[in-house]
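The structure is given below, and queries will be raised subsequently.
Letters A, B, C and D mark the chains as written, and numbering starts fresh at 1 in each.
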Amino acid sequence: MQDILNDIYTTMLSRTDRGQVANYIPQLACVNPEQFAITVALPDGQVFSAGCAETLFSIQSISKVFTLTIALGKLGDAVWSRVGREPSGDPFNSIVQLEHENGKPRNPFINAGAIAVVDAIMMGHQPRETLGEILQFVRFLANDESIGIDEKVAQSELTTGDRNAALAHFMAAYGRMKHPVDQVLGTYFHQCAISMNCLQLAKAGMFLVSDGVNKHTGIRVVSAQRARRINSLMLMCGHYDGSGEFAYRVGLPGKSGVGGGILAVAPGKASIAVWSPGLDSIGNSKLGTEALEMLVQHTGWSIFGH
Amino acid sequence: MQDILNDIYTTMLSRTDRGQVANYIPQLACVNPEQFAITVALPDGQVFSAGCAETLFSIQSISKVFTLTIALGKLGDAVWSRVGREPSGDPFNSIVQLEHENGKPRNPFINAGAIAVVDAIMMGHQPRETLGEILQFVRFLANDESIGIDEKVAQSELTTGDRNAALAHFMAAYGRMKHPVDQVLGTYFHQCAISMNCLQLAKAGMFLVSDGVNKHTGIRVVSAQRARRINSLMLMCGHYDGSGEFAYRVGLPGKSGVGGGILAVAPGKASIAVWSPGLDSIGNSKLGTEALEMLVQHTGWSIFGH
Amino acid sequence: MQDILNDIYTTMLSRTDRGQVANYIPQLACVNPEQFAITVALPDGQVFSAGCAETLFSIQSISKVFTLTIALGKLGDAVWSRVGREPSGDPFNSIVQLEHENGKPRNPFINAGAIAVVDAIMMGHQPRETLGEILQFVRFLANDESIGIDEKVAQSELTTGDRNAALAHFMAAYGRMKHPVDQVLGTYFHQCAISMNCLQLAKAGMFLVSDGVNKHTGIRVVSAQRARRINSLMLMCGHYDGSGEFAYRVGLPGKSGVGGGILAVAPGKASIAVWSPGLDSIGNSKLGTEALEMLVQHTGWSIFGH
Amino acid sequence: MQDILNDIYTTMLSRTDRGQVANYIPQLACVNPEQFAITVALPDGQVFSAGCAETLFSIQSISKVFTLTIALGKLGDAVWSRVGREPSGDPFNSIVQLEHENGKPRNPFINAGAIAVVDAIMMGHQPRETLGEILQFVRFLANDESIGIDEKVAQSELTTGDRNAALAHFMAAYGRMKHPVDQVLGTYFHQCAISMNCLQLAKAGMFLVSDGVNKHTGIRVVSAQRARRINSLMLMCGHYDGSGEFAYRVGLPGKSGVGGGILAVAPGKASIAVWSPGLDSIGNSKLGTEALEMLVQHTGWSIFGH
């Protein structure tokens, strides 16, 4: 495995077309696009990495997997009255679908859906409390108390968050927000600003590898059925309107973030975190996707074969 | 396995809400909605069935899997210049996406995409020849020379095919049809009118179970990579705007048809055909989906767990 | 003329289907739907009324005519870099068109367009100052210093303004707002809360009757060309996705508000204000439209005949 | 008047940017873009022209005014169960609106609407008979028996009519076509291929100038109300998604065709035909619009002033 990762790392180092670093969040635009890291965590406890696997980055939309898991724990299937579970066929920040479908987001991984999920888990609490709960859950998943929030990124998003504010107010206009829009957005922007490195992120995804049990800690996080369903949502919707492409090329459930990270899950086999800041035109990590494609070619981990 | 299928069959027999038989194709509207069949074909050669597994039904859109496979064999990746590989988020017969995206269908499993695939594989031949080629390929896959076309259904579609004619002419207006629209539609309507039973259909899907090799015949049909990619497309787009729901509930690549059939693939484990004519509001077999959900609960075959 | 108005008034009194009072702004929902008023102001100074023509109502979107006039005065044709001048074919509060056209509203009379116009005329000033300017202009047009703002209505809109907030933030996300969204919205909500009666409103429209000159005061307000262009925009876009219907039935440039008022202009002949709080399904005054239809039938004032 | 037209003609001669001749109908692409003609017909019988006012051109969509008039005569208000009367906000050949609104075209002047109107007036007759009726009506309006159809243009449209075929089949799929699609399209393509010159076209529009009476012949063609309503539809929808622009700049009801012609009506004042083959990006005659703008500036004929 280490050889495979080294090989991937070397290949990625040589790539000249690395995509574009997200520029709509000023703080993200500062990140050096030359960086690359990958970590593979196996159920038997082994962890392999290549590149700067201890460098922190902003997990951004990958956090949506964790908040969805919290929401399912708190509300169960009632979550699905707030968001759907179909691919939208539209970009991550599109508002068209909301107008056509009474303000109900298609799935929990487009921005509107993730904002609705945050609203669902707040349950009358203050942003600080909800945020603390999210952070605590992520630390628990990764078994790492050092995980925190990059306040600069959070502030950076606040000052440029008009698109998300539009989504939130639009849902509010349909009576779909139970808390003040600015509180929900504040929580959402901070959740997206959680900083993790590939080591931490791969560990945090372990519970999705083994039917709900984190084999590193031995703790059951969710039921087997729920773990499978979260994986199905990641596959169907985890890369926005590039989800079909990711399934075609990589063949693993995965969730990307505009910080350049991707968390991918090979059920029964591994939790994989990859990071490279340059994005493709849809907003998914360009080299991250290529690295996962290489990894799956070497390991045969696609869920579409055996 | 036989016990499981018997159990499923008994449960389905007792269902009172069986959905609606497709009524827009007159010939399909005549089918008795009380029927149910399921077949599970294993790589080791064993085949299990329950219900009327030898009753023929119209495979309709399930045929799109076979024509896509032919097209990939003939054109390779050039297929993707004709159709995309993303979920559309729209109903199977929607035309809106075509106007927004220069007449290029989002994927090969919506109607527009399947029509474009037929046009791609015609390559200057007459409808009769192309149709013969499709039929021959399906017979080869199922290892059954008796498979044929229900001419009544084909005629029935011709007389009610205005929606598909609109899709074809619309693509033609963007210069995307290489053959006369009526010839392509004639071929398409006949391809959809192929009649198979669950036994035949499960066998025809075997090549997708074992990375491209039909273990019953020992013949490699496509490469491992291609088999996986076809599976990924079935998962992402095989149930139209109900694909997310199917992935969430069943967790297997599958392709439905408005005749009430579903072909599902459990990679490495089984090819499954199920049939019940009643459809849900999106156009997928209602009991068929429920039966597959039960089967996966009993067997743990979801690709999202291990 | 007085006989005609009396006749219209009597007819409207007998109507039982009066439409629905706007209920999304709580303060407007309290208005008694039984009320009706009409005023016709002629260039020769004569003014005729029937019904409660001195009862104040919330002019709401009719204010958009006045802010557009201000914007054209301040920015000239540069206004058209901020908003278009085509009917949108969508409801007044739709956001779909904005996403398809880079955040530029189709015209100044849909909500998004009117918000963009307010942003355009603020020019660095505070909401209070801009609001003062708008109010001053309306008083000048109507030659009536008593016109004011209904603060209760303005507050009522603030608490329910999520849809408009979504529109404003969405435009801001495209870099199209020069001032803070909450300041623009605050100004916009107050502008909509201007209270006028039919007498005042008819007088305020006089400048559009006589090619830019208010014949009652003798003052030229805008050039002849500009008056005609404002009239053309009122005809094309003044009743949202009911503009075609209004042109067909009434045949006069007009602008409606969800308070139930309509300002209509018969070039060379009269300025007409009508008010009845009940709205049709599109959001235009039901009886107001019917009254104008009767008036035009009696007077032959349609701009489409002679 | 002759001086004004000469002045306009001279100005137009000097224009270098003449737009693009329609290239999607091969036969139209052959027309020399340097040509220009204008005719103004007054109710008192006077007719003024400049340029090649006797050169025939393809009236294309201008024919939709005549078929709508026939349909209103045959069906009365029942026409409005087939088509709406609102601007669509979309291009002339868009299909999106049809899918969103159950296959009912927004208005009779977009292609889908005009096709629906043809279907409405066929009433069981053959294309040849319907076409004869349309041609006879146009000859009657223009008081000129020499008007005919350019068969080459009609054939040219048939071979490139996929977009219109898509619209027709799409409506048929909603049960909105009473006759075979190919018969309706054949009639429609021939109707669009009627050849007229500016002299004939201006005369054919006379009945819309004087409240339904053609003052040149003294014959009442339609009621005053109907003439006004047709004018309102021309203003609102006559230039597709450029109707707002035309109303803003010219201020007259008008109908354009991709052959480069425009018929404009100044109620009570004149019927105007203008022709120049080059089109703007929306599909309306570029110089034709500019010429009308000049004419209205000189004459003050805008319906939005007095």
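Some observations on this one:
Convention: a residue touches a chain if its C-beta (ideal position, glycine included) is under 8 Å from a C-beta of that chain, and two chains touch if they have at least 3 such contacts.
By chain, with names taken from UniProt: A, B, C, D = Glutaminase.
Keep in mind the model is a prediction, meaning the values are calculated, not measured.
Annotation of subunit C and subunit D: not jointly contacted by any chain, touch as defined at the top.
A centroid comparison over C-alpha atoms places D as the chain most distant from subunit A. One finds 47 Å separating the Cα centroids of subunit A and subunit C. Rounded to whole angstrom, the centroid-to-centroid distance between subunit A and subunit D, based on C-alpha atoms, equals 55 Å. Not a single residue position of subunit B touches two or more of the other chains. Across the whole structure, chains are in contact as follows: A-B, A-C, B-D, C-D. Contacts from subunit D toward subunit B in the complex involve residues 94-96, 98-100, 162-163, 165-170, 172-173, 181.
In the complex of the two chains, the subunit D residues touching subunit C come out as 84-90, 97, 106-107, 209-211, 224, 227-229, 231-233, 235-237, 241-245, 247-248, 251, 253, 267-269, 302-306.
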